[in-house]
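Here chain A shows up in two complexes: once beside chain B, once beside chain C.
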Partner chain A sequence: MTIKSLVKKLSLPFYLTKRIGFSKKKYWAIRAGGIVLAFLAAGIVCTCLKPGSFGEFYVQMFMGCFDPTDITIFVDLLVRFSILLLISVILIPPFKMRFWNIGAEGQILVGGLVAGGIAKFAPASLPNIVVLLICLAGAMLASTIWSLIPTIFKAFFNTNETLFTLMMNYIASTLSLMMIYIWVPTGSQNFGALTHGIFPTILGNPGTLAVAFTAVIFAGMYLYITKGKHGYEVTVLGESVDTARYIGINVKKVTIRTMATSGALFGVVGFFIVCAVNQSFSATIVGGQGFTGVLIAWLGHFNPLEVALFAFLSSVMTQGTSRVHMPSSAQFSAICTGVFFFIIIACEFFSSYKISWRHNEKKEASV
Partner chain B sequence: MKKQTRIISIIAAALSVAATAACTAGVQAKEYVPGTPVKVGLICIHNSDSTYDKNFIDSMGAAVKKLGDRLDGEPIIKTDIPESVDAYNAAKELVKSGCNLIIADSFGHEPFLLRAAKEWPQVTFCHATGTKAKTEGVKNFHNAFASIYEGRYLAGYAAGLKLQEMIDAGSLVAKNYDANQNIKLGYVGAFPYAEVVSGYTAWYLGVKEVVPNVVMDVTFTGEWYTIEGEKAGAATLAEAGAAIISQHADSMGAPGECEKRGIPNITYNIPLADKCPKTYLGYSKIDWAPYYEAVVNAMYDNKAIEGEVNNNWAGTIGTGSVVYDCVDAEHKAALETVKNELIAKTRRVFDCSKFTVKAAKADKSEYSKASYITMDDDGHLTGYLADVDDDGTYVGETEAIAQEGGITFFNESAMRSAPYFDIGIDGINKLN
Partner chain C sequence: MEYIRLENISKSFGEIVANDSISFAIEEGEVLSILGENGSGKTTLLNILGGIYRQDAGKVFIRGEEAVINSPKDAYDYGIGMVHQHYKLVEAFTAIENVVLGLSRKDLLKAYSRFGADLAAKKFQSCSLKESRKYVLEMCNRFGFVFNPDKRVSDMAIAEKQSLEIVKVLFRGVDTLILDEPTAVLTPQETEHLFDVISNMKKHGKTVIIITHKLNEVLRISDRVAILRKGQFVGIVPTDLATESSLAEAMVGKAVDLDIHRSDIEHTGPRLVVEHLTVRNREGRETLSDVSFTLFGSEILGVAGVSNSGQKELLEALSGLARDKDGSIIFHNPKKNRPVTFFHKNVQQVRALAAQGKFYFEGGEPCSLVGYSNKQITELVENRKILFYENEIIDLSRMKPLEIRNYGIKLSFVPEDRLGMGLVGSMSVIDNMLLRSYRKGKGRLLDKTKSRALAEEIVKKLDVKTPSLNTAVSKLSGGNIQKILIGREISNRPKIMMVAYPVRGLDINSTYLIYRLLDEQKTKGTGIIYVGEDLDAMIAITDRILVLCDGKVTGIVDSRHTTKEEIGLLMSKAE
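What follows is the complex of A and B.
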């Protein structure tokens, strides 16, 4: 048996080809369909768990995000959305220059760790705002260092940044556990609630001010990515390193600068998560949002507006389903969010590739 | 591009407007009227796949049957709630659903539950295993625990009886003895916290009561629930020669490994006679139903919670809050005698004459407890300053050694419900 016939025998009854000339309208129609389907799927899962709850599910989900009688519910959503949006948008510049940074989780965590440590041990005589500023500076510095370590290895020794940044997440998490152990030597090693160096609670949520700052940072990032010289250099670098060199871009400098910027901003996110949203610290406080951010940046094709859309939809899905009373497990929300992303990725796949069946091909050939 | 800029400015503007909009509406809790049915909410860190949470959920089921009309329908149970702002949000959801009593089961839920308690003073918040209620002084915030060390002591006693049988039958091998002819025991702990230290020390003292020449190795997994980690911990102890193993962690890891290796095992929270028929000796657990009942009855009858001191409630083996079992029918009577002695207080788990603390007193390391310890010439404790007040100083401030009925003992869980026995006694060796 020749290799060729073996391949033919083993091959699947279909094959994939890249779609060319797929209209943008059609693409977005498919995506919109996918989003609707994802929300329908969540309702179906809920109905399976508790028959007859299909309609009620959507009412509760809506009320869990946009309850018109209770503004704090919507503020909760905005806070959740803001953090996810920030993470996803900050990931765009590194991704655009094809620096696959999957270490957002750890980069945020070390920022939060430093912010939490400063807030916990700052003398009570210092005014809250001063403590906050020191926390912010410390967090930005820590996260910058954390993201520069793999970057420098990449720039000078060409190490694989995907593995390196991923590994740094585990180090950050263990480092956090160790620091908590040192800071809280007795009892159950629990960091406890911060009483100093915290954001004020506005509209029932200490993260409200962080939402306002997020709006500013987002606008800044948008301009940085789409309008500035830096954004352009990053784009060229991502298209082709040789082209970048040819037009006189210092590849090492741009790589390091971009990662330092995103690192510093991740420090801000860590600061928000610890001093604003949670007012506490733990090794799991980022809760996987660093990875969800990677997914969202990717699904949004590194376009800040598209990213905002998916960060919003994902936040609605997560919060809405977590506040549905029927299956009152937070895992239900995790499942729904997972299904949501699964369907959107499937849409992405089927609008990029075309499936052709082999038996159709034979028929066509024989005609 | 222009269009995009416009969209972006709209998003940014909408976000800032929403963030700064002056609006005071929020979740309003309704005042509980005594004598009306109580609506209960329970916040769990995992779901019933974890033996720890299953114990809370099952106890709730038992309490529901007993309380009957005093409850407003089935309790709302929120599972898989992490120790983050999600715990606060879960509490908020429960307040919105009209709960008058909200209970959380995990230590790390405490700061978030406390925040909710301050926000909704009309609602009663109970936090199991926590330490803040005594020092915070928030009226509607309570801590609870149970003297599980009594259950572990009894489970250890059962293990001791089994060990004596093994000695008599000559089934121990050279590996089971150390250089001084002491028999080795093993214990898989989650974290080196007071809660765990108190538990394994009680278990060890239980065994030692029957077989005096025992030493124990302890290994920590650094997680509450890790099947692989607990398996590996049990394997390490088995390799080191442990004749009997027990654990304070939530998965099936250690019992499974013991069954595979044929090492007798005492479990926590669940009886495993069906899954580990060869090696299961017995178990101990906290029964939370008496606590749920005490709180609901207190609310319903508009009284203080029975047995509560400084917003702390510690159930005992006498109140039915600590449950244990042992498979060997012949040993049950002996255990029953010991149990009655514990209830009558003629026997104390942490009887200072039964153990020595020479190594802890000589400890020169950074986190040494030596400065809190006073002991007599034989190494028995005569005084110990425990860190009872969770005030952020992490310094021992409360004298924990008491005397009653001619016994000098460490007065565990009396000044605060959560355990504070954190001394490394002689004969127990931490492996990591």
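What follows is the complex of A and C.
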């Protein structure tokens, strides 16, 4: 056997071709199929772990998100959805600019750390609203600085922003641990329940007000990205630096301005997470949502409405599966969410590439 | 004698049918041109023969037997070699190293015996670089190549690289040589030399296939011409029976007027005076050295030169994009006898200029504005009572693109890289109109009403074929993309317009439309700098031609009294 024929034998029985001119309808049909499949897969995982619970799973999942008898469950979902949506949408401008910021987790965390610190040590004599405003300002400032550090290095020394922002996450996490160690003498891993500088609890959830603010921020971001002059500059810059320079865009300025904006908004998210949703602070309080946001912004093709859809589906998946009666519901929920994203991403692949089997090709050739 | 036969060759990329059931035969020892407009499927077809692509359907027969060509290696085994438009050489290697790269001892021995080695006479044949050098030089003598085997590729001019690619392919013992647009990058003299080499190859029994869209070359060099149009085979004709217009008609599908109109009008005085312009790249190497010239209003100034002689750098420097430059770029804003405005001047600046005696009152008396209050000056300017004596003179050499724009200088630029610089491929026609004007309008949101109107106007006036105004421009054909770009750049009635390779890759109709548009701009008073590669067209449309060689100006000639040969000599005049 010659090497040539061996290579031919070993070659894969299929090859991939890029789909061109794929209609939008077909594309969404594949995506919808993927979403259905992803929810089915979660049911199958559940059945594997607890035989005979396939139907029951969906009922519990639905009730875990939309129970008509208990409004607080739906508010929980909205709060979860709001935070995830905010993170994903704030990531859109940097991503459109091809600035691969995967440091959302850390940028939010330092915002939360500062907000929590201020709330913890604010004198009790100050009115709650004043403390909240100081927390917000501090969080925005801290997150802006955290996102500007890699940006300035990128703008002036062309460092790789992906690695840089990623590393900043670990620094933020360790910094938080250190501050907890210094500020919490009991040796606890968190700040304990904050009593000052917190949002009021409405409809059984301290995050309800944050949901309302999220709606406003989302509307603003939607306009900024799709109709604004800044959003337009960001898109041009992301498509081609040469075009941006050609029309007189100051590349450094736009890069820094965009990252400063998204950094400040991440500060708001950190503030919401600490002062509203959790009313406490720990080093793991963001809980990986900064990374999930990256995934969702990407899956939504940087389109705010698509991003909202995926953020919602992901929230339903996470919350629904965590309320299913399972021995270890948190881990179970994580598995299901993972499977969900895995299948959706696989669908992305199949909607942009076509598989052709070599076997068929030979047949056609011999005909 | 029939040598290669293509039978019903089809190839599609997605929904685009590049080759639609093409059949014809190639004779042994002929020079065959494959003629067609861009996108007609010429390169795809020959890439199938060269083993780069595999046809979706159809068969290739070589000397009557079916040939299965799955890779360039297979093509070599059938004696077919291809020289691509973009050369594939190792820059750090010398010529001879590039030639033998990838050849086994067996291959080398075969090559030696082909070019005069008597392997039987020697017990052992060394395959050292020295030996290979001997036979490569022997081969070059045979075909009439000028070839320096020890020159590094990185030190080579583009024509030398092309020769090296051809030597590389010939040394591998091919009988059929495919050349993809070989003259696109050559000077007229280099083109002549290439044609001599091709004739020599023909004399030695080689078959040469040339992919081209240049009609005069087809007539000059080939025995027969095969014509493709939109992926389909139109016909094959002996060159003796063809004329430029008959070929153009076959290529386009209808009669086309191949005359380029040049309006003969007086120029309107200097528009842009460039003196001692030197530009350095990021590494600090000079890409333009001491360039001086004057561009007049109502003039088209051509810029000729082999590729990478500094054309791109010149245009980028003039538009404010070059970072590191010296020298002066003086813009003469045609303001003589026109009213002073506040468009890019404030009251203080008007007062200062008036003190220098630059203005006069409507009635004709000089205007120094001494003793006038700010309010009075504002009133006079707003009522257009103060006029300029002379054209306004502005130094652009320290300005960035946005500053030039904010200053109110109407300078348009159609860059070489249309989708990578002039337009954004993924954006719609409307959004691309916004590129120049998105800053206008109050507030933070975009105002698309004007750009929509402009898009509508351009699509209608220049006959742009697009499904809608919201279609991404990258989905349009090259000609339509260029029409959108030029349309936008013309729309603000520029004082200076710079165009780089404006007709490259365009179909014949769009090409002539663009020549007409440029001439029309000239008659409107615009000073146009035209960077191009087709010297015949450049001589026909421009008024003067500036020739660049290695970043230096080697001459400025009058287009009405020059020849291609004169320009060709200037293009390669190394000092």
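Please note the rule applied: the second predicted complex is superposed on the first by the 348 of 367 C-alpha atoms of A that agree within 3 Å, B and C clash if a C-alpha of one lies under 4 Å from a C-alpha of the other, contacts with A are read in each partner's own complex, and residues count from 1 in each chain.
Keep this in mind: contacts are C-beta pairs under 8 Å (C-beta built on N, C-alpha and C of every residue); 3 or more make two chains touch, one makes a residue touch a chain.
Everything quoted here is computed from the prediction, not taken from an experiment.
Q: For the three-chain model obtained by superposing on chain A, do chain B and chain C clash or fit?
A: fit
Q: Taking the superposition on A as described, I'd like to know which of chain B and chain C A:D70 touches: first, second, both or neither.
A: first
Q: Please determine whether it is chain B or chain C that touches the greater number of chain A residues.
A: B
Q: Once the shared chain is lined up, is A:I247 touching chain B (first), chain C (second), both, or neither of them?
A: The answer is second: A:I247 touches chain C but not chain B.
Q: Please indicate which partner A:A124 is in contact with in the superposed arrangement: first for chain B, second for chain C, both, or neither.
A: After superposition on chain A, A:A124 lies in contact with neither partner.
Q: Who does A:Y232 touch here: chain B (first), chain C (second), both, or neither?
A: second
Q: With both complexes overlaid on chain A, does A:G287 touch chain B (first), chain C (second), both or neither?
A: Touch partner of A:G287: chain B, not chain C.
Q: Report for A:R323: first if it touches chain B alone, second if chain C alone, otherwise both or neither.
A: first
Q: Tell me the contact category for A:L12 with respect to chain B and chain C: first, second, both or neither.
A: The answer is neither, since A:L12 touches no partner chain.
Q: With both complexes placed on chain A, how many Å separate the closest C-alpha atoms of chain B and chain C?
A: Comparing every C-alpha of chain B with every C-alpha of chain C, the smallest gap is 11 Å.
Q: Under the contact definition given at the top, report the residues of chain A touching chain B in one complex and chain C in the other.
A: Of chain A, no residue contacts chain B in one complex and chain C in the other.
Q: Would you mind writing out the residues of chain B in touch with chain A in their complex?
A: Spelled out, the residues of chain B in touch with chain A are 1, 4, 7-9, 11-13, 15-16, 18-21, 23, 25-27, 47, 76-86, 89-90, 92-93, 96-97, 107-108, 110-112, 114-115, 119, 129, 131-132, 191, 193-195, 222, 367, 387, 390, 392, 394, 418, 422.
Q: Touching residues of chain A toward chain C in the complex: what are they?
A: Touching chain C: residues 17-21, 223-224, 227-230, 232-233, 235-236, 239-240, 242-243, 245-250 of chain A.
Q: Contact residues on chain C for chain A in the complex?
A: These residues of chain C touch chain A: 13-16, 319, 321, 400-402, 405, 413, 415, 417, 420-427, 431, 434-436, 438-439, 444-446.
Q: Per the contact definition, I'd like the list of chain A residues that touch chain B in the complex.
A: Answer in residue numbers: 69-72, 74-76, 78, 82, 177, 184-193, 202-204, 207-209, 211-212, 214-216, 218-219, 222, 226, 277-280, 282, 284-285, 287, 304-305, 308, 322-323, 325, 328-331, 334.
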